[in-house]
Amino acid sequence: MTLYLINILLALAWTAVTGSFSLANIVLGFVLGAGAIYLIREQVGSLGYFARAFRLTGLAALFLYELVLSAWRVAVLVLKPDMNLKPGIFAYPLRADRDFEITLLANLITLTPGTLSVDVSEDRKYLYVHAIDCSDVEALKRDIAQGFERKILEAFR
Amino acid sequence: METALSATVGIFFAVAIYLMLSKHIIRILLGVAIFGNAVNLTIFTAGRVMREVPPIIPEALIAPDAATANPLPQALILTAIVISFSFFAFLLVLAFRAYQELGSDDTDTMRVAEPESEDLPPLGY
Amino acid sequence: MRTLIFRTIAPYLTSLMVLFSIFVLLRGHNEPGGGFIGGLIAASAFAIYGIACGVSPVRRALYFHPMAISGCGLLVSALSGLVSIFEEMPFLTGQWGVIEVLGVPVDISTVLFFDIGVYLVVVGSITSVALALEEREHA
Amino acid sequence: MAVDPGKTVDLAHAMVMKPVAAADWLVVAPVVIPLVFGAVILMLRHETRMHASIAIAALVATLAANIGLLARVIETGPLVMTMGRWLPPFGISFAADALGASLALVATLVALVCAIYSLSDIGSIGRRYGFYTFMLLMMAGVGGAFLTGDIFNLYVWFEVFLISSFGLLVLGSEHRQLDGATKYAILNLVATTLFLTATAFLYGIFGTLNMADIARKVDGLRDTAPLMTLGVMYLLAFGMKAAAFPVNFWLPASYHTPRIVTAALFGGILTKVGVYALLRTLVMLFPPELALLSGLIAWVAGLTMVIGIMGALAQTDLRRALGFVVISGVGVMMAGLALGTGEGLSGTIFYAFHSMIVMAALYLLAGVMNGVGGSYSIRTLSGLYGAHPMLAAFALLLMLAAAGLPPASGLWPKVMLVRASLDAGYPWLAFTILATGLLTTLALGRVFILTIWRPRAEERLAAAVSPRLGYTVLAALSLPIVIMGLYPDPVIRVAQIAAGNLLDAAPYIGTVYPGGGGQ
Amino acid sequence: MAADGHWLTFLVLMLPFAGAAVAPFLVRSFGHNAAWLLALIPAFMFYHFTGFLSSVANGETVAAGYSWIPSLGVDFSWYIDGLSLTFALLITGIGALIVLYSGGYLKGHPHLGRFFSFILMFMGAMQGLVLADGFLTLFVFWELTSITSFLLIGFDHVREASRRAALQALIVTGLGGLSLLAGLLLIWNMTGLGSMSALLEAEGALREAPLYLAALLLVLGGAFTKSAQFPFHFWLPNAMEAPTPVSAYLHSATMVKAGVYLVMRLNPVMGDTVAWETILPVFGGTTLIVGTLLAVRQTDLKLMLAYTTVSSLGLLIMLTGFGSEKAAEAAVLYLVAHSMFKGALFMVAGGIDHETGTRDITKLGGIGRAMPITFAAAVLAAISMGGLPPFFGFLAKEEIYAGLWQGSGWSGLITLVAIVGNALMFAVGFAVALKPFTGPKVETPKHAHEGPILLWLGPLVLGLGGLLTALASPLSHRFISNPMASAVVGEPVEISISVVPHVGLPLLLSVMTIALGITAYLALARGREIMAGTLRTIGWGPDLGFDQAIGGTVRISSTVTRVVQSGRLDYYMTATFIALALALFVPMILFGELPALPDFPSLRFYEWTVLAIAFIGLGAVLHARDRLTAIVSLGIQGFAVALLFMLLGAPDLSFTQFMVETLSVVILALVMTRLRLSPTDHRPTGEKAGDIAIAAVCGATLGLMLLRVTQIPFDDTLSAFFAENSRAIAHGRNIVNVIIVDFRGLDTLGEIAVVMIAGLAILALVRIRAGKPADARKGGG
Amino acid sequence: MIDLLQNLLVGALLIIGAAFTFIATVGILRLPDLYTRMHAASKAGTLGAGLLLVALAIFAEDHATVTRALAAVVFLMLTAPISAHLLAKAAYEAGYRLWDRSVHDDMAGTGKDKPSDS
Amino acid sequence: MTDGSTFRELAELIALAVLSGSFLLAVVRVVLGPSLPDRILGLDMLVSIAIGFIAVIGIRTGYTLYLDIAIALGLVGFLATVAFARFVLSRRYEEEFIAEDTRGIYGESEND
């Protein structure tokens, strides 16, 4: 978090020096600031900062990919003359246990293919997910566990 | 455009009034809401209509260089929308409380202020 | 409605919306927006907060009773119209001035305060309604 | 590109350059003072002890401003202030003429007296949930309605006092209140919405909202625009607000349900705002249309009077009877509108002053009677004379006032209206006015002999509420009633000036547009 | 108006009201003896008016006053001539005696002070009435007499009969008062003359006015009700519920004569027409006969006197309207005589009641020995009433017959009526004066003995007055009868009649009357039975009719109100929208305000879509099976309107509309949470058709009106101004917002006031619950 | 060249975005129960609107618009899943059953589907 | 030859047409229901479409100021859905209501 602040300060310094407060210039300042911090990564112990940044980026990329994919699948499904659906709700055992992680996971699941978070169990052990194709529950669970949940845990721990 | 809007306004008014002739407060309230929209469209149309050009002066100019939509009716409607929203909210809660206390939203049965069987006042002296 | 997911995300959403509402308020003079719309957005934010996390946190967050905020708004608007009496001008005549904040010139005007008053009235009243109804819900 | 236009633009093309003296603020003071103090009271929600004093102080200040305003208007003619310094018709003009200023004054007087009576009628819960805020904002709305010179702004002030009256009406949430408020709210909302619709059409026709501007443009549009339909719409919308037959239903359905001080405020003030708006629009803006509608309005007036007083005769509940008396008074005022002559209009205006005070006083009287007699029903209320002769005296005076008998104020406006009716060739209207007076005597005379004179069957109850405060406010209202009854000349003079301003709008227009041209 | 020198008269006019104000305090200090002090007020007034006697006798009149309501051209003015002066003297003179009598009669009454107040107020009103010159001065005092008489009749308000009588008198005389007002205003309108003196000067003006007959009927409406002419006579006997001083004063000597006064006053300007000379004698004669017949029926002393008063009033009206100079003179003489003898007899009746505890003539007898002075007063009065010499009543009676008999059939009929009426009055009068005092002693509730001086002074003075005025007839004619008769006739007249009987037709008729009267006196008991039987057969009378009228009015009112104010919101709404439909449709058709035929609109496809969405939303709201669907559908049309605003260049509107629609739906959802609603609402098909018709007409006409409006060339000065100055002066690029916060900031100030109040009102609604005095929760903070 | 690219990109995004939106609406019409319909709305719908906003961002010249367009996308992504979750949960707890040909329901019997509190 | 604006304008029209169609279809769902959550879903969909519509109109007219409306609509549309969900939840045990509400599609129509 501290490093994030430092990065912002660097960006501000950049804009002050260049005398332009335009958005592009701020972004440029931020990127340059990140580069500057990267240069001094070992002194300031910023390895985790970048690693997390990369993982977050990875999560975002995965999400976008999954979003497009899911939208596409839904499109195909909907446009098919014969919708051979096998929907259902399954309980997904959570590894994540922080509110924030659970929430993020649930939201990502909702936005991705064929799954939709309905609820979290009282004891926060299970996430109830509605799937549009529930013929193979275990495969679904596996996908989530190795997809989003892993990435989230990587990014935030 | 004005013709289409006039017709629209007429339909809005008709629907609103039909709903307001109901015995049930919730329906009357729906009528009130539509009534409000009808009036807003009336104000809008009465100020004459122009497509798409919002009455906002471009950054570079001191005054619009071309005709814009008439801003005054818009300002009037804003005031009217806000007011009718306030009234709608009040009426809604009033209806709700009336329902809670009187047990009905049928205006025929919630006649507490003017009860049905009122006897004559005393005729003596 | 106080599900874990909603409850976790609602405060962030609320602050985001309040921020956005102030943005809408301040730019209203030049772009679509203004006190009323800004106030509605902020009130929506508090309503979401209230639905997700309960009424008490919202009341604590606002500190003042929403209707007092509303009254304050009306007062601010009316008073901003009264400033012009000192300039021998009619009620609600806009007074414009520039003050320096840390060396940066900032335009201030009675018109802006008027709009802020509108904002406060709307935030206060609508929030009050929403909270009162929400509260009744759990009575 | 820093645009600093103030320096490059000649302000005189857009703004009033003449400095505005602080004394000119009298014209907005009746709105601003109650508005500001209403907000302050709301901010001090929990200091309920302070509410009444703040409200009374605010109303005293408003009353003072109103007195100053009326004095100035009588002395030097209409007073105008265009908000935001914009030239009329671009800014919203407040334009006080004798009509608006005098009605605002009387309304404030009534409100002040009601505020004093509320000390005994409104508890801390009522205060906490906004009684005084509602009341002050209602007065701001009423003042605004009387003083504004802009027709859309008139709509806004109508809504302000309407929503405030809703608040007052529901305060307490008793069953009857909720039912009454539902009818009141929905029907009144229909009325104001019609008003707004008519105003939309008006704007579409005239391209302006300033009443002086409309008045000077109207003759040029008479051949091309659907002004008759417009006039009828205003007649209907404001007739509803004024509770004229056949659109008077909301009033008897609701006025008897709230706290008595609220009923007094309503009974005194609200319908008169509707009458005022009728006068302002129909007489000042659409006189030829009014002339064509004269017969219709005369019928409305007559039926309103008769239906109203018949309703009063049929009631057991004192407050409900008074609601109908209010309606019958509206009919009397409509009569002057139908005649449209100077004498008729001044009769209407005088009657409005009279009716505001008398109806408020009658409701307060009912409140005091209930306080000492424990009921509003003329079936059970009785035996008040023995213990409370003062009450009997007030009751008698107010009965005479309402019936239009000397030595109270009601006589003179009726005389003026009867004379005007005979002059204008409406003898049956004169007859109806007089017959209504007789029926009012009957209705209230019955109330008097039953509640005041009739002895109580059981042992007399100790007064639940001390009538002292009630006597004070009744005395405060009786004083103008008697003065107007014995020496009506100043009031008639004001009413005549007001009527003159309506019939000849030239001074009004001239004040709003001092240059004669304007734009 | 000349004011100088007349201030004393003005003071005298106001004096009784001042006396009314202090009376309760005097009574508190002096008890019933305050009467002596208070009697000084009328005594002083009487004295003041005697000062006018000689000048008035010389044919002078005084018209004076102050400008009262210059803006209406109304003066507070008075007119003193023979007519008003005589009345004023009677009012103040008898008034002084009545005040004294009241002190005795109501001695010890807890509300004696109040009584004095009322009686003094009445005195002031009555005096003002007869002296008033300006029409409105007259009317104000006229109504004040009705009001004070209401208070006096209802003085004993614990009794229902009192209350009824008071209301009855108020309503009947109130009816007349309004009729009179209408008449006076009509006269004023027609002639431009607003005062009696002016009217008297322009003698012919009124008779020739176009609406003379209407004015006459209206004025007579006032006079007849006040003077208890048939069929309005019934209130007067009922008014005997009042304490006896009131009966003696108001209901014999003064107030009931107000109508006679009015007729006399107007005789010079309204008389001498066929209408006048028909209506007055017919009503007067009928009243005379009916009154006497009903008097015969009574056993109560006061009621007997009351009905003879009705007769006398009828006689006076008949005489005044007969049209001959002599008849008018007779009316004058009879009026003066009647005031004295009837006032005396009432006081005697009251004295008897006071001392014996009963007024029932059948339960009285032989108290003459116990109450000799009262007996004497009674006999004196009765002789005058019977028209026997040498009393003033005799002069009057002689003059009556001299005035009425003209040889024609009509005059014969009238004369016959007068004879019958006088004879019966003779009988009743002597019955009252003799029956209780003579014959064997009858046991009475209280043991009879002579009352205190306060009780017998009045009747005795009045009884003697009837004798003295007759004996000194030249004097009384010079100062009283002649000036008054001149005023009534309208030109100077000279009355010559004296107590010395002149042999002639009048004397013959008098003898006939007396003979008939004695017969009737002897057959009184039998006559009573016959009358009682007759009335039982008829079974209905105006008095009963009054109750039925009141009850009927209330019932009809109730029925009408029940229809008009049905208590059902849907009726109210239906009526309102029918009114709207008519208000729009009729002028549009009648005045040709329909729009020109428009072209078919050319819209872009997505604009059509938006409109279609709106209509689908509306349709769904209408068609919705349950209210929830309707609510959701409501969102659709609001949504469509917002889109429409966006497409039409109104971003602020669109923005606001979206927000507001959403919030409306949110609040609906929050509120509806707890509502358990029946899923459908029922509207019978017939009702549905009606509603559809109303809605369709309203919608169509509003749409047409809008179209019509948009076909007028538009004046966009305002918007051009806003566009030009929005940025240049008001520093804002968003013109709409600049309008809202600057150009039309006041609208917005009002608007936020509405928002604030709505919030507060909703809070009050939600928090305050009936029966639970507090807001339960502390959460409000 | 930049203009061409921009226009082509904007045009393509417009068509694709609109298409996804359309598909979503077809989905909510065709799919058999509430829960399956919500898939269409929360995915295709969100993506459609998002793409159209991105098209606007690309089309716009000034930074403020770009930022706001992207902010709008983020808001959309943030709120869409939550509203889907809330609606699904509410509907399930309110007793709206799954489609009768659903193959699996782990939530049945957790107490969410029947009265648990007073 | 061209800067591709013709294509863009065509795409705008296509998008508007498609979105118009979507509007109508979503409205159909709202109107048809059959259950309350279905209608809410339809409304939610309408909001999404409107956001897209605003974007397209913004491109077409060049007035990007409509964007703020889109943002606010996103936020407040969310509030509406939340409130409706809350409403649905609060009615959870009204068996009668639900039975009637769901009869159309989950019951008879599928089986019969």
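The letters A, B, C, D, E, F and G name the chains in turn, as written, and every chain counts its residues from 1.
Here is the rule we go by: a contact is a pair of C-beta atoms (placed from the backbone, for glycine too) under 8 Å apart; a residue touches a chain by one contact, two chains touch by 3 or more.
The model shown is predicted, which means the values in this text are computed figures rather than measured ones.
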item: Shared interface partners, meaning chains that touch chain A and chain D; value: C
item: Contact-richer chain pair [B-G vs A-C]; value: A-C
item: Innermost chain by mean C-alpha position; value: D
item: Interchain centroid distance [CA atoms averaged], chain D/chain G, Å; value: 48
item: Centre-of-Cα separation between chain E and chain D, whole angstrom; value: 27
item: Rounded Å distance, chain F centre to chain G centre (Cα mean); value: 10
item: Interface hub residues of chain F, defined as touching at least two other chains; value: 19, 24, 26, 32-33, 38, 46, 48, 75, 78-80, 82, 85-86, 89-90, 99
item: Sequence positions of chain D contacting 2 or more other chains; value: 3, 5-6, 35, 38-39, 42, 83-84, 91, 130, 133, 152, 156, 159, 163, 166, 170, 173, 175, 177, 182-183, 186, 190, 197, 200-201, 204, 252-253, 313-315, 446, 449, 454
item: Of all residues in chain E, the ones touching two or more other chains; value: 160, 163, 167, 550, 554, 558, 562, 565, 567, 569, 573, 580, 647, 651-652, 655-656, 659-660, 662-663, 666-667, 670-674, 702, 706, 709-710, 714, 716, 718, 722, 724, 727-728, 731, 733-734, 740, 742-749, 751-763, 765-767, 769-770
item: Chains grouped in pairs wherever the two touch, ordered by label; value: A-C, A-F, B-C, B-D, B-E, B-G, C-D, C-E, C-F, C-G, D-E, E-G, F-G
item: Chain A residues touching chain F - in the complex, by the definition given at the top; value: 22-24, 67-68, 70-71, 74-75, 77-79, 83, 85-91, 106-114, 116-119, 121, 126, 128, 130-132, 134-135, 137
item: Complex contact set, residues of chain D against chain C; value: 6, 16, 19-22, 24-25, 28, 32, 35-36, 38-43, 45, 81-85, 91, 130, 133
item: Contacting residues of chain C [partner chain A, same complex]; value: 3-5, 7-9
item: Chain F to chain C touching residues, read off their complex; value: 75, 78-79, 82, 85-86, 89-90
item: Complex interface listing, chain B residues touching chain C; value: 54, 56, 78, 82, 86, 89, 93
